Every structure is written in structure tokens, then in C-alpha cells.
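First comes the structure, then the notes that go with it.
Labels A, B, C, D and E are assigned to the chains in the order they are written; within every chain, residues are numbered from 1.
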């Protein structure tokens, strides 16, 4: 190996070597000596080793393509039961789809900016939203991806209430083959439009010859269509086959960035169990895996050549209240709880390193708080991120008419603040967090009992409003959660549980942001106004007001935010430096190969 | 107590204590769907037997294995429901009483009829000490006496049946007793119920020969003391004779569900009328030196026929050395043996000698029919 | 022939052509101090039927097992068991190697246990037991089975039916006869039968006994018949031996044992037996209980039950006295016994004038 | 005789019918509708609520709102024809999923149960033969220890050591990637290779109990007269050991064999989870997690039917194996 | 033999007049203690397996008592440093979990619930089995057929899947309910085999004798039938208990059962997902609960193996009265000939 960008490259996995040698045959030696060109993003060319490897010679304008298999895994289900129709209700394996279908744009969590991918450009102009497809984006059968394909896709999504249709009125092909134009219902905040198609899972998939027929049918038809054969994709890999055990994808030679991909095959194994994934990474079975949680001791035990990449999930453990509950309907009680909970402590227990703690308790993700709240951030109540502020909590409770007897807080009727604290069984990091939270709260004088329920039961209880307090995620998750419009609105409506927490959304009077007097706010009305605000400044102001409202009234108590871990192994591949900006795009395991940052090292 | 009531009710005294009236016990083998239309396999364990037992009576039933003597015994004491005929206790049908159709309490009937089993090994609950086993009948008959008194009674009865020191035996488990001792405990258990009748079902057969007389003596002693009747079931004619003769009772000989001869032991032994009784007599060992030499058996086959399909006519005809053609067709009735000596005290049913064989009727067609050739 | 004690000589010299001799056989359990067979010495004459009588727990089953050197596991057999295949050969079976023992058993001396049901493998047909035995001794199976059918017929059994049945499909009497046939399969010289008929009714017992006599004649076999039922064996045996408390106490020709028994125990045993012809009053139980193996009294073990017991009896163990030819007894007072204890049945020696032993 | 088979067969069908009805009722008891979890999952993936509702509405091809008895009738009629409906989560006919899962589960359960029996009987018989010996004591100790280890503990450890640490065995799946299903060496080898650890952990924890049972039975049989008589008859030790002792000692274990099979079938829910082995238990668990009623009922019913058939076979054959049982009254277990 | 003296006593055992009770309550209590407690205890203790089993179970009982009386602090998050190793500090001798819970206190405070669960489950399983088995076996007829048909069906339902469905349905938290739930259909197979044993026992003469005396059916079952089933019942009680341990912990491990209860299985689950299987620094987190599980089942099995002797009157008398060797030897001699 040349220049050695990663110490991991020193190690040669015997198994892999054999596999490579098997095909390279007699030229294995030559390959070894001459791979210097393979590691730097495909820029170098090396003709010395591809004598009998005609395949690689064909597709990649002279650059070396190794007969190497990249191995990753899916935990979505048995491949034989899964398919590649992204619009289907169920059993679409998005982990595989991400390799097969190109995305529109990519949101970089580092830079907090969108990067163009399948689109060359997007623009908002009054009541039109125009998308321009990359000129060289082709289906893997060689046909170009056209505006017609996208129009078909969006029209189908209209039937299934795709996100963009919250704002759009119609979609048509633009002037040329590569332009798509939405007519909007009204002038709309561009960020909302961009987030509507900019999530990691929004893909360009509707190959017209396959999907056209569904335009005239009910939505159910296309939602039940399982695309398992003759899948036509446009991503860096093409669907080859699937079995009980694995998906097999091959390098897509028609891909515009095919040069970046210098290996022939991508295998995606079926692994149900998280430990299986961890061990797969540890033992060298897997080369990359996205969104795989590993506790610190496991992470520390990974070989050196395994690289961990963290990206915020915009999702995490929070406390949800039933706002109609006799105790938790009281703002003071909620605030007391927020004060008592030591968020750092919870993060430490539930997953050190992978759990971030918000400074301000409001519905804005950790990394986005500074950007959106700016100078006002200091005004926000922190509720003590790394301490149990029991004095403050005690004062709040006393103000609300509670007294502490024998270490337990009681109301006027002598009843303790007791409740079953709901938590989903099976999510172990959550149950750990719940244990910690409940321990803290009970130590302070609440009377909680943990009520762990199977997942559907857990949701059921919330949806029916049949709870007092419990664990629930306080951010909806995904790239769009980085735009506070979404999480702020989400905390109030909480569609995941049909608003089962009964948060009152009318006009309210709360302490003023500047610490003097009071202010009146109708948070839901105000947040709605953002949809039509085209300027960021305008929106920022609204966001701060609503965020302040959340900070004071606490629809939820934000406790931690999850960092998602992606793992790549440098055992057989060249991996990027830790500060490579590409690592901010999810998921590194899917993104890096297509940008040439994850290339076969050839040994 | 049944006894107390009996004296008050003079009328019932006229009835025998137990009367079996034409009793049949047929066991039907379980039938399946495919055999619904076949004739069911029926074992006629007891087939039309009438016999009466008086107060303080002894009836010894003898016969070989499978002749139905145990079934008859159990039917007499109400453990086995007859499929035909009736068992009457002091004139009331036992099974009607159980169903609540008579003026007697079944509880009284039940406690009046007791049993001693053959196998000493299983006659006592291995997990209960003797005192516990014997406390059970007292609990039933005298529910309100104190534990101390109960123990007192148990000890004195144990001494009475010859198990001394009583307190030592009382605290033992059955496996710490010899076979004879177990049978004594079983006897004591039965006696504690103050029964009217005890069925001794081969109660001494499993004991050593040398212990049998002792056990029989004990039973007989207690019989007179307790005013109890015995139904004594045995395959050994000499035991039956000993017991019946001492108890002043009768011996009944059974063969394949039928009573073939019944009478006072001394007459039955001295002058057996039925060929089968002869066979049993032959089978009984005799110590007289001149009789010890085994002679050929007075029968034609060793094995008893299958009771599922018993022979027609006289059931013994397949083995009977005297059988003639008539025997294969006609079944002889159990009738008074017309003997001058016997007819004189005919009124006393317990002294009568009855037999079911054509040979006891001098002018029966049997004598005309031809002999059977094997 | 070497002898180790005087007793041995005296009790034995009656037999002229012994086929089996047991000398000073003892069986101990546990510590070696618990005797369940205590220094027993006797002989079996060729072609006789020897009846061994004793109460339950008198050690008679041990004696039977000793003849095949088959004492169950924790027990230990000492002494000598001499086998004379013919008049001039003598072997001590206790010296046999395992292979020799295997050959000796069943082929030379075979055995019938009490409870035929438990002697057959419940999951094998009766016929298979015969075949197994033949194969084990390298005999020709067809010939052997032919012979088996013959024996079965001789025992009044339907050979085909019996051989093709599972044990539980046969009645008790049939099983017992099948077992006797199995024991005769290899034409043994000696057949040891331990309570072979105890579980059967009298009629069947007598029938089998009758058949045994025929068998003995036909197959030229010596029989040892062990039972607690003295009258039963009396009709069959040529010679009888009486055991009491793990010891042999009297032996002699059948007629002498029955008619002129010398030991008080034998006489009491005879008198305690229900007998069809004897006057009822004459049947008396033997008072008391026989001793357990650990506390066999010193002196005569019968002393504490014996009406004639004197101080001598409780002090000294009696040695064998010769009553007459071939009739020996181990009792200090046997002459007195014959005078004072009357036999109750017809044909008993002094039947007429007896008043019987006291009933206590 | 004949009627017994008829009656027993009828009883089997009645049992299956009742169990099917029971499973129908049981599964109706489960909390939450079949879609609540799907809904939550989609919502969590960031799919907007309106779209989720629309997608779910399109899935309502079953009749969850029909009266219960109609659902019951539908279910029973269809089940009678081997049609368990379509899996909600996987969108495939349940029967097809089960058909591909059953062979693997049956393979693991059958092989491990047979192994348990073979080894357990061998060990137990040897122990009984040398009762009290050092070997006996050692094996007894090991047996008792193995009995106190749950199979899933062994499974987890075996997976860690032999699959992850040493890499001797695969960590998941039924056959290797790219191995063609069919009658060929590569397939069998790969299948065996994948099944080795599950079978191992199932077997090792079961042998102990079986060995102890066999030991106890054998010692009991050894005490029987017929063994002593056979020895006196001069039969060789091996003949006595096999035909007289082993056979009679194994008989009582025979019905346990099939009961054990049932326990093992149930245990696959945990085992297949650990080894990511897509058999019946694996699908049952995943169905349960996603409230996939049809798939859950299907797997449950198939496991049950397998068990009922097992017991049925035990009943029918026991009479043939043990001549003492007259077939008319054999209730083997 | 009966003597004159006896007869002169005028057969007091027949009279209805009371004889002074010479057995005091104390004597009866003493006898009860002797027969029901001391002798069984001696027999139990005489067996090495039972002894070890009892010792092991004693340890668990001790832990349960410590937990119940709060003699050792309750587990709580952040009571110690996270993932401290075992045997390094007296404050948390077995080390701590990733959320800083003292592992020893976790194990100790899990014990009461687990013991309750085990007892409930095995009492339920054996209790119902004994009830069904004896009733069906003793009564016969329609009762028998109905009960056996029911157990046929119940038996045909595979245990673990059924328990999973029930657990998800009812989400039981009470350890007693949980124990019963896990063994919900365990009784069926056991009931069947008990029934066939009852069929044998009811043929024994002493049962018929009791019937002849007019002893009530419940009392016959209680005194004559069930005591003879006890060795078998005890062994199966232990097996049922072991099944509760294995199944419950397996299900906790799988995440089917509610997490709120402190339970070794839950701890195992946390440890497993916390990577304890794969790294030494967390291994103790997995190892100690495993030891707790296996120790408990080992204790149960050993106890079960030895316990059948307690119910065997022969063993009991031999061991409890070995001073009276005479009697025992008589016993041995008595069995020798038959």
C-alpha cells in the first residue's frame, strides 16, 4: 500500500486476500505491487494489473477496479421478504435502496447545508419550485433519468400524501427533459420545500416504464407493489439478486460517478441483532454499517482500522406529560421535574459518547440551538443540564401548593405525585435512561413506578391518553428536524401519538422573554405562519418566541439527543480522514463509496 | 350403630344379614366404533348365584383362580355392583340404599361390610404408620372421641391381635412388619369399623403355611367376640374347611362364575358330590403318608377355560372326567342333595348341602347320554 | 473329600452318589457378621427330588442361589459348593472362572424362580427367551426349539401359542410352566426351584407338581424344590431338608421327616399345617417368631420357641445326630421330641395318643 | 384394535381444531391493533403522519372490523385449507413464509432431540452399568451442571466463542450466501455448518437430564429378576445390556422424546432469535413484535400441529414398541 | 398371642365410654415435630445432594431476606462509579453496571421476586397437576375423560410461544402472576403421568379398604393417594421451578416480559446489549447474574434429586432410627425372601 492514509491498511485479512486472489489469479502479485493508484479517489490510472480483468477495464475509464466485495448489513428483515419499491407501505429495505437509488440532495449535518446530488439545482420563485436533474444521471440500463420519471414519482406521491404535497398544487415537466416544476398553493418558506424532498430517504426511483401504470390506479396498488425483479436503479450500485441471507449489488457502470467506485460488488447481509452487527464490525465480517449503536466498551474494543462516525439523529429521549393530568397538567410540576432530572447523568448511563444533552430545554435539536436562538439562548432556562436542582424544584412545588412529608411530595389532599412512568420494553438504552430518571425523581420525592410495555402497547397507551408521564422522543427525527419549525410544531401536536398528550394550544400568557412582565402567545398559530415566510429573519424571530414558550411551558422535557454511529472499516478499503466534510452526510457507509472516499485498497 | 337399631326392629331380623339373590356380575370389555355390531366380549365373573349370610355366619368360598370367588365376595360386601340380581343387607338392596331409595343410611351399610385383602404388601398404606392407619376407622365410627382415647383403643386392639408391645408396633411403618403382622393390622382395621360382615379375600394365602392356622384362629376368636360374619375366600380347600368348620359355617365351591356345591365342610369334604369338588380335594395336600403319593388328577385338562367364552351347559364339562353329552347342553341347577341325613334338617339352610350336578339326580337324562371322547 | 467339621460328616454320609454337595456354606451381608445362611452343609443325590422346607426368611432362597453361585450383589458366599458331573469328577463351582460359571449355569444346573412373570423380559416374546438361551450356549437353535416344543407339550402347553406370546399374555400357571420348560432347555443335570408355585392356586400347584414328576423321569434330572409349604413338597420329594433361621436343622427321607420327624420345629411345623383330613383341634400354630439374621441366639436358634428347651439348648448349638440311616437332626432332645410332641395327622407316628403341644 | 386408531385420529383432529380456535381467541386478546406499531415505525422514520395514515388505509385488506365470529369462520375455513392469510408485515402469504421456515426449524429440533437421546441414553446406560464408579459420579455431576444451564446461555456463549472469536461457524442464517438450495453437497455442508451451533447449544443442555433419566431407569431395570435370570441363562453382557436392560429402560423415555420435541419447538422462539436463524420461532417472534396477526397465528398453529402430530405418533407407536400396553388403552404420555 | 389378661380388660377398644386422654397436646406436638419435621430433615440432610441443594437455596433465601428487610442498600442508578470491576471495592464487591448500579445489590434485590415467581409457578403447575391427575385417575369415567381431553388440548400448545403471547397480552408485573403465567400449561403433561400413577395406586388394597370403610374421596386422595405420589411430585416441582427460572429469564432476556421488575434476566439483557459479552471490562455484569441463575437451578435440581428419599418411609425409618438396628435388619430379612 502506498502513502498509508490509515494504519488499518497494514493489516491484511487472509480471507479477503484469498477472495481477491481467487479472481485476480496469476496477477495477484502484480496487483499487490501496483495498487498505488487505487487509493486516491480514482485519479491515478494503472494499466499494469488489469491484464485479465476485462470487466474493470470496460467501465472505468482506465482506473483499476478490484474484484472486491464490500460487505455491509441490513437489519430491516430477511432479504427474501423485502423489496425495493420506496413508495410501498412496508418491506422496502431503505438500507439497500440507498445504494440503488440516487437522492435528490444531501443534507450535511456538519455544515448544516444541502448539497446537490441527483439534482443539479433547485430554486424557489414565488409560487413555483423548480428542480433540475443532473444532466448525466442515468438509469442503470443506460437510459437517462428524465423529468417524466420525476413527474411520475411525484404524482404517485400525491396519491400517498407525500410531504411536498402539503405545499404543492401540481407538478409538470419543465422546459427540457431535465426540469420539473411544482406550482405551489401559496408562497412558501423555501426551507420547508427543501426539507420536503431533502431527507436522506427521499430518492429518485420512479423509472417510468415500471411506475407509469400506477398513475391510473389507487394508491394502494403502488403501495403494495413489491419491486423484486428487474429493478432499475440509478445509484452507485445495481440490484443483482437477493436471498434469505443477503442482498447482492454490483457496481453500476452507468453511474455518473462510477469512477469513484473501484470495487465490483456490494453485499448486504441480513443481521437481526445489534450485537451481531457489532461483532461483524469487530471481527472483520462487515466493512461498513450505518446507524449501529455500540456502547463505549464495545466501541473501544473495535480494531484500530474501524472508524466510528457520529451524526446527530435529531431524535432522542424525552419526558412526555399528559397535560390533562391533575399533577402533570401543572406547569410548576413539569418545571420541577425538569429541574430535578440530571440530563448529563442520564446521558452517561444510557450511552456515554452517543448521547448529547441539550442546553436549553426546548424543541430544538442540540446542534441547532445556537444557530436559531442566537443571543437569546442565554435567557432560556437550562433547568440544570448536569445537576439535580432540587432547591429550585422544591420551590416550584411549594408554590404550586405541594408539601413534602416524609420525603414525599404531597398535594393539599395528602396525595403523593405518583404515576406509572411508561417506557418501551426492549429499548434498553431507553429503559436505562428511564431507570435513571425515575431514580432521580423518586429520590427527590416523587412517587413513580416504571411501567415498561411492549412497543405497540406503549404507543397505544399514549394515543389513548391513558398515562400521566412517560418516556417519549422529544424530536421527530431526521434532517428536517434541524429546521425548528418541525420539532416545535411536533411537540405541540405530537402526531405520532395523535396528540394523546393533550397539550393545550390556545393563546397563553407566559413570562416575557426578557425577564420582565409577561407575554401572550398562541404558539401553534405563530408556528404555522412560518410556512409562508420566505425570509429567514422573520422565521427566526417566530422560532425564538415559540421556543421560549416551549422552554417555559414544557410540552416535553428534552433529556438527551442521540448520536447515530456509522462504522467503516479500513481493513480492505481506504477510509477518509476524520475531518473529511463528507462524513457529515448520512450515512457515511452509503455516501462515501459514491464520492470515492471509500475505495477498495486492493489487497 | 346398626346393631342397636336391629334389635329395635324385630322384623328385619327375619331377613338374612346379607342375601345375594341371583347375582350376576358381567364385565364387558370396552367396545370401539368398529366393533359396535359384534357381540361384546363379556366376562361372566359371577353368573346367577344366590346365597345368604346370617349373623355370626361363616361362608368359605373356594375355587381356582378366575372362578369368580373374589368378585362374588366383593359383590356381597357391596364393593362391586352386580349387573343382575340384587344384594340385600337386612332386606334392603344395597345399591338402592346407595342411591338413597331405602330407609337405611348407606353410611351404616358401608361400615358394616368390611374387607381384608390378600396381599399383605399392599394392604396397608406404606406412608402411614400403623397408628394412623388404625385411627382412620375410629375417626369414622366415633368422630368425637379424643385423640388419647383413640390411641388407647388402638393399643388395646393391637395387643388383642397379638402385636405386643403395642406402642412399638403402633409407631411402625408397614414395611417394618412381617406379612402376618400386616394382615393382623388389616384385620384390626376392619374390626374397628364394628362390621357385620368381613370379607377375607385370600387373607392368609400369602402367608407361610405355618402361620395360616394362627391367623385363622385369631379371626375366629375375634369373630365370636365381635359377632361378625365372615366371607372367607380361598383356593385352598383345607384352609376353607378349617375356617368354616371352626366357624360353624359352610363351604361354597365355585367354578367359572357358578356355585357348584355348597354345604357344611365336614360333609363336603367327606362326601363331595360335584366332580370339581373332588378335583379340589385331590389338589389339597395331605400329610397322611399313604395319601402323600400324588395320584393322577380327577380331571381331563389342567387349564381353566377362558371365562370370556365359557363352555356351554355345565361349565365344568370340558375338564370333568364324568362329563357326558348332556353336560355340554344343559346347565345343572344348584339343588338340595337328596340325602336322607341332609333332608332331616332341611329347614336350617346353613346346614343344607346343595350341588349343581346331574349326577346327584339318579333319574336324570345324564345317565342315558353318551360319554365325551377327547 | 476333605471335611472341615464333624457336623458335616454326620449330616452327609447318608448320600452315596451326590451330584451336588454344599459344605459349610455361609452367606454374609454388610459387615460380614450378618448371616443369612449359616454354615449349611448337605448333599443332593443324583436323580432324587430334594424338598427344602423353611419359613419365609429362613435363608432358603440364599441356599438356592448358592447352588448357582448367584448370591445377589452385597452378599458374600463362603464355603464350598461341589459339583459332580459324574461319580468320579468333582469341581468346586466357587472356584470357577466367569466363563466356566456361565457354562455351568443353566447347562448343568438351572433354576426356576418364584414369580415367573418377573423372570421373563416383558418386552420379549417367550420364544425369544428360548432362542437367546440357545445362542448364548452355542446350541443349534432349530434343534433346541424343537426340543423346547417337546418340553412345552409335556407340560400341557400349546408350544406354538406359548412361544409366540408375550409373557403378560399367558396366565400365571402357563408362565410358570413356560419358565420350567426354559429351565430344562439345555437338559441340565440339576433343576433348582425356588418357590416355583407359590403364586398359583392349589390346583395349579398340584398339577405342576405332578408334571414335575413326569419331567424328572423323562429328562433324568435331579430336582431341588424349595418351599415354605411342607405338605406340598411332601407329595413330591424323595428326601427332605428343613431349614430354620438360616441353618439346616433336619434332613432325611421324606417318609421319615413326615412320619417320624425328630426336630421339635419340624414336628411343630407339621402340626401347624392345615390338613384336610386331620381333626381340627390338632392344628396348632407355632408360638413366637423366627429370629432375624442379626440376632440369632447363641445355642439352638429354636430354643426360645421350643417347649422342650433346656439350659443346654440356649447355651450350646446342637450338632447333627443320626436318627437312623440317612435321617439326621440337629437337636439336643430329639428323642424326647418324638415322644412328647405328637403329630396330629393320620399316619403321624403317635397320632393316636397325642394330646398335642400346649397352646399358649 | 382398529377402532383405537380411528378414535385416536379423531381425537387428534379435535385437538387441532380446539387449539386453532384457542389460538384465534388468544391472538385477538393482544393489545393494540395490528397497525399501531407499523404506524409508529413509519412516523419514526420521519414519514409524515398524513402519509402514514394514507398508507395504512391502503393496507386494510383484512377485515378487522367484521364481527368476531365472521373473522373466526373465515380463519378456520381458510386454515383448514392451509391458508393462513397474508402476513401484514411481510405482505406475503403466511403459508409461503411458513413453508420456507418449517424445514429449518424441524431440522434443528429433530437433529438436536435425536442427538440428545442418543448421547443421553448411551451415557445413562454406561453410568448405570458402572453405577457408583468414578465415571458415573463424574457424568452425574456434569449432567446436573448442564441441567442448570439454560440453553440460551450456552447459545450466546457458543455464538461468541465459536462464531465471533474463532470464526469457525457463521453468525447468522441458514445457508451461506450464494449457495443454491438443492440436493448438492455444497448446500448440505453449508446448512450443517450454519445449524451446528444452534444444534450444539440445544443438545448440550439437554443431554444431562436425559442421561440421568436413563441412568435411573436402567438401574431400576437392572434390579429386575429377569435380568438376573438372563445372566444365569448365560447370556452375554452385551445381549443383556441391549435387549433386556436398555430396551426396557428406554421405553418410558420414548414418550418423553416427543414431549421434549414439543418443548424444543417452543424454545426455538429464543434460539432462532439468538442465531438469527429464520425458522418458525424467528418468524413467530418477528410477527409478535409487529403485531402481525396472520403470521403469528400461522406459526403458532403450525408449531402446535407439529406437537399434536408428535404426540399422536407417540400414542400410535407406543403400543407397538411396548407389547404390555394393549392398544385399546394406551395413552402414551 | 392373646392372653387372658387382655380379655379381662373388657375390650376397651370397643366401648363408647371415654378413657382418660393420656396423650397431651404437648406430646402430640412433639410427635408431629418428630414425624413431620425432624425425621424428614434427618433424611434430607443425610443425602449429600440434598444437603448441597439446601445450602445453595439457603443462600438465595438469605439474599431474599436481606432484600425484604432492606439490610443491603437497594439498587439505584449512579450509586457508584460506572462499570467498576468486581472484587475491587468493598462498597460494590461485584462491581457495577454501566449506569453505576451496584451489581450485588441488583442481584440481591432481584431475589425475592424471582423466588416468589418460582414458588408460584411450581406450586401452580404441580398443584393443578396433582388435582387433575388424582381426580381423573381416581374418579375415572366422565371426569377422567373430560379432564384428559382438556389436558390433551392444553398440552398440545407449545409452552414458550403461548407464554409469550400471554405475557404480551397481559403484561403481568406481579411475580406471582408471572410465575403462574409461565407455567400456565405445564400441569397438563404432569397431570397425565400422575393420573396413570393414580390408576395404579387406586388398585392397591389399602385404597379399596379405605373405600370400604366409607372414607370420603377427598380424604382418600389426601391420605392414601397423594402421599404416594410425593416423590414424583417433588421432582417435578423442582423441574417446574427450573422451567420458571429458565423461561422467565429467557423471556426477560428477549425483552418480552415487563422490565420494571428487578430481575437477573433484565440485568442479563442490559449487560448483553451493553456489550458485556464481548469485552472484559463489562464481563462481570453478565457473569454474576448468570451465576445467580445457574446456582439457583443447580440448587433446585440437587434438592429435587435428593428429596424423593424424604418421602420414602423405608429410607426415613432407616436413617431416623438407625440406633434401633434390630428392626432395620428384620426389615432387610423380611424382604429377602419375597
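Criterion: contacts are C-beta pairs under 8 Å (C-beta built on N, C-alpha and C of every residue); 3 or more make two chains touch, one makes a residue touch a chain.
On a predicted model such as this, the values are computed, not experimentally measured, just so you know.
S.K.: So which chain is farthest from chain C, going by the mean of the CA atoms in each chain?
M.R.: Farthest by centroid: A.
S.K.: More C-beta pairs touching across which pair, D-E or A-E?
M.R.: Between the two chain pairs, D-E has more contacting C-beta pairs.
S.K.: Please identify which chain has its centre, taken as the mean of its CA atoms, farthest from the centre of chain B.
M.R.: A
S.K.: Report the inter-chain centroid distance for chain C and chain E in whole angstrom, where each centroid is the mean of the CA atoms.
M.R.: For chain C versus chain E, the centre distance works out to 50 Å.
S.K.: When the C-alpha atoms of chain B and chain C are each averaged to a single point, how far apart are the two points in Å?
M.R.: Those two chain centres are 33 Å apart.
S.K.: How many angstrom between the C-alpha centroids of chain D and chain A?
M.R.: 40
S.K.: Using mean C-alpha positions as chain centres, tell me how far chain C is from chain D in Å, no decimals.
M.R.: That pair's centroid distance is 57 Å.
S.K.: At least two partner chains per residue is the criterion; list those residues in chain C.
M.R.: 56-57
S.K.: Hey, what residues on chain A touch two or more of the other chains?
M.R.: Where chain A meets two or more other chains at a single residue, that happens at 279, 282, 454, 457.
S.K.: Quick check on chain D: which residues sit in contact with 2+ other chains?
M.R.: 31, 160, 164, 273
S.K.: Going by the contact rule at the top, pick out the chain D residues touching chain E in the complex.
M.R.: 11, 14-16, 18-19, 22-23, 26-27, 29-31, 144-145, 147-153, 156-157, 160, 164, 212, 259, 262-263, 265-267, 269-270, 273, 281, 284-285, 288, 296, 299-300, 303-304, 307-308, 311, 331, 333
S.K.: In the complex formed with chain B, which residues of chain E make contact?
M.R.: 1-2, 6, 9, 11-14, 16, 18-23, 28, 35, 204-206, 208-215, 223-224, 227-228, 230, 311, 313-314, 316-317, 327, 330-331, 334-335, 338
S.K.: Applying the document's contact rule, which stretches of chain C touch chain D when the two form their complex?
M.R.: The touching residues are 68, 70, 72, 102-103, 105-107, 110-111, 113, 115, 118-125, 129, 132-133, 136-137, 166, 168, 182.
S.K.: What residues of chain E sit close enough to touch chain A in their complex?
M.R.: Residue list for chain E touching chain A: 76-78, 82-83, 98-100, 168, 171, 173, 255-260, 269-270, 272-279, 281-282.
S.K.: Can you list the residues on chain A that touch chain D in the complex?
M.R.: The contact residues of chain A facing chain D are 77-78, 80-81, 89-91, 94, 159-163, 166, 199, 201, 218-220, 223-224, 226, 243-246, 248, 267, 269-273, 276, 279-280, 282-283, 285, 315, 454-457, 459-460, 463, 473, 476-478, 480-481, 495-496.
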